[in-house]
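Labels run A, B, C and D following the written order; every chain starts at residue 1.
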């Protein structure tokens, strides 16, 4: 039974149906088709404001292309030390931006506290040394975070306010944005543009799509640069309809919410069983446990797959519920955790 | 009736069926799944030699990532002036490689003549100025070419021999490789590794896939660098099975050949009708015509969509037959061409 | 006797004297010193308009940093095929800009004709393919050119007008700017800002300095980006006074003119002797001769050092007069040429 | 009286004399001259082993070019959080390498403890996530450190051993290498190649040169790549003799030692006066003091110039003794410190 990652899942039937539904007729390529063009209206309605939207196929592409649009090659991007852009994208932000550097912040449960950001901005080397240092350019927030927790709307608003006051743009890595909205029960706008986010990377792949992420610009002045960067990075798809169709189905059929609600709820069941080992509040579909090596082995021997997490000596584990996780897997895992 | 490009086409039913067929069960992500792992055997059989294969979703990604693996940031990549990497990839080779420069060669019908390459290597600034100039690093050949023509096996062999003698690696942009094989009636190995190609970018998207290209390494020493470059460029797909499934279906069902043979044959019918206007031999699924502005307008008024081609003042046009082009479109276009 | 290049020369006594003259007292580093700060007034007077000026130590740094400020990573920089940035800077423009590509133009005697630029802009792939191609961003002119010829003020004005009309900025590689001014007898502003140049790379190293080039911005909006790029490229000198002092001495003592006039005049003497072999008009301190292999050998056997030029099979040679060339060298070479 | 930085100083008379001494005759450019060619023998004798040496003009160039040679674009470079490459080079390592990322380590007094490096290597994300993370590639050590302390030979040896065992190369930022040797009284080889350093950036600018740093390769296999990177970064000087002459004079006249010994000794006098405020042991020519805002102001009012250091709220200050610091300045500062 597999709890490795939500990206081990299949594509939802709604997604495959959407691919089949657009599979007729020759249409203009590279996004000049009715489906791609419907994206902006669709996302506008979802988010409650006018937006520009661009589809890409991976989260790394979404994050790095958007950050490259926000940060010059000599820019600093503030992010949590656990951010995916730091730990799991093989240096992509520096590659796409031509050298921008991450300024890593600490913060409990992978959330950046406003005071931490304020202090980091106040203490940034550029304050003392001017152009000898990289220049603060962007703040990247992950929602839901890499440790399965969720920023509250007011936290985001405060962070964005601090960033904007210093001239930084705010990007959101929303690979699991749907889980965050489902957890908070808020409007999607409340944790994006209304809270000051300038660009949202809205993920669908982990939550039921085949391969589709949307880069949503609330600050539309940045769009031309983004489009050229996307093209030259090989992330502009000729048969754009197939990626647009996924995103449309994801939003228009409510798939985003159904899947996210289900995985969040299943994770809650596991959280109860795993209470003694929990490292972080379970606010989405991920659990982080301090099990120690011996318990990890027992769990694996019992037939559960999951990743070790963090520095090896800490004996931590990550377990993720996928949208297509059989309920029986969860029941079995909960029982196994209780037995540990 | 649309003859704009073969990338305006749908995905073949075989491709959608393949996606559905793998859409079950949670499997390891990022390529550690049975389908992705079958790719190398499948391509090995297709090409007649052991290979390493990596799937990406766009031709720009395939070309640029492979070239970045072959050329250092101060490298020169020899290519035809009409090559897609020069005209249609927004500077991607320089981006991915960190600065490598294209050395553009002339050549009739978008084919590089061996003497042209020999002369260019002999005359390259690096011969006189050493490290003051970029250093010859790779030769990129497009098969079938950007002007719809096809290199013969012996031509490729001679070009690769010249390149290797000077220490250059040979990359092939095979976005329409299937059309070239169908035209030549040769073994796929004859125009790739047996002729000296080190890395083949084997396209499927234009010829029936949804979004799938394979980067095939005959020189396997380069593979580790490629994998890391692919990851940090956002071109490693988490749900790798869906891109692998396309490539498997494309090869294993013979789709590559059926589609390429059909479009080649339909293009031949058009070539006869368009004989007075042909700029280049029609050896695949593309026609390039010198129509002049007035005839282009008449053709458009008659309901045919196609792209202007080349410098505006030349009045040229490109017409491309897609794998799903209704035969009626071709009949109608042939008639319209004959009437011009 | 050496006619290899003007960069084989010594530093003028005025330059060494200037270094000694500023060698007292501890002063703020990185340009916050009286000499560096005097640069802008000094260049303003020289050029007849307000400017921002930044000193670097090599021509490659000056060219590449200024071009990176003008062209985005997906930009195209139009330049003559013989331009130093193409042939002798090892791909530096692509490196500094993060990928910008040179669009190479032909033109007699290394000069770009306005019609050639107009045609290239009209025919640029971006006209047809939009963002699939690199985007025209800058025009780079070399004055004096790499083949020893000089643009007239009206030619530059016409080229800059064409460039600006299309939204391109104009950069000038003025590694031998002094020779051009000396040849034309014009005001330095006539071939720079008055003719539409936005950024001038003003060389001093080849004409008597030790290592000093000035990047002069007429379009001052670009300056902040330039400064950060210069710093992160390692081209901001801590002991800035020593490079500023060279440039001040070069302008304030009239050294630029004395040295350029002398080398131009000596080259004219050689031009008369070499008339049968001249490939290009001699308008500065460089001669390009079609000698053939045998005559080249005889000249070398007679004790003259010079570089072969161009593709080996053409048998061409370049001879350059340095500011410190003994007159006897020139007399001897003229005689030897006459005897060939 | 100025204690801002050792780069506010003049050039030593020996350096200007050396420039004058080589200022005769036209010689081959770009390093093909007798002085540049003598560099390797000279450094070989100084360091006690065969080396390849390349001269550049700034410390940022030396550090970044050498690191780009050691680390691929997807590489991680381990360095202390206070390292100059992190705080004062505006992202240069990422620029030159095409994206390599710094992995920052803590450590008392700006020294990395072997256990810290061992832990960081063991805990590096690449251990868990493979190619999803940047790949450990190099260790950069600063000797003397940015906080004025000095690694002992055995510390360096242990750190290099850990690095090599994991396949990392070791680079040393030796902007103040001379001060470290003078402090330790050791052989220069003891803290470089004998301790496992692969590439040493040996600074001269801060300690009496005008603008000269040497990149010294003990691992000579890396040299060709370095040379091409240096050229395309605009750091290859045409009139190479003038930078070589500085380095030769610096070593051959013993200038490095005279100047470093003097500034170290003067700093010791200050250290005694400043004992109550010292943040770090004074092992070279730099003092770091926790003075608080009020004492800083009093010191400034008394006529002393120095930089605030670190985060503004900490009230720290850095004071640096330059090679040409009048002894009276030091006496006065010591008295003022005692009075605080």
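The definition used in the following text is that a residue touches a chain if its C-beta (ideal position, glycine included) is under 8 Å from a C-beta of that chain, and two chains touch if they have at least 3 such contacts.
All values derive from a computational prediction rather than experimental measurement.
J.: So which chains are sitting against chain C and chain D at once?
T.: A, B
J.: Counting C-beta pairs in contact, which comes out ahead: A-D or B-D?
T.: A-D
J.: Just give me the whole-number Å value for how far the CA centre of chain B lies from that of chain D.
T.: That gives a centre separation of 49 Å.
J.: Could you grab the centroid distance between chain A and chain B? Build each centroid from C-alpha atoms only and quote it in angstrom.
T.: It comes to 33 Å between the two C-alpha centres.
J.: Using CA atom averages as chain centres, what separation in Å is found between chain A and chain D?
T.: Using C-alpha averages as centres, the distance is 40 Å.
J.: List, in ascending order, every residue of chain B touching at least 2 other chains.
T.: 30, 73-74, 89-91, 95, 98-99, 131-132, 134, 228, 231-232, in rising order.
J.: Please give the residue numbers of chain B that touch chain A in the complex, ascending.
T.: By the definition above, chain B touches chain A via 2, 4-5, 7-11, 16, 19-20, 23-30, 56-62, 64-65, 89-92, 95, 205-206, 210-211, 228, 231-239, 242-243, 322, 324-325.
J.: Of all residues in chain C, which touch chain A in the complex?
T.: Checking each residue of chain C against chain A gives 30, 72-74, 98-99, 131-132, 134-135, 225, 227-229, 231-232.
J.: Going by the contact rule at the top, pick out the chain B residues touching chain C in the complex.
T.: That would be residues 73-75, 87-91, 94-95, 98-102, 104, 119, 122-123, 125, 127-129, 131-134, 307-313 of chain B.
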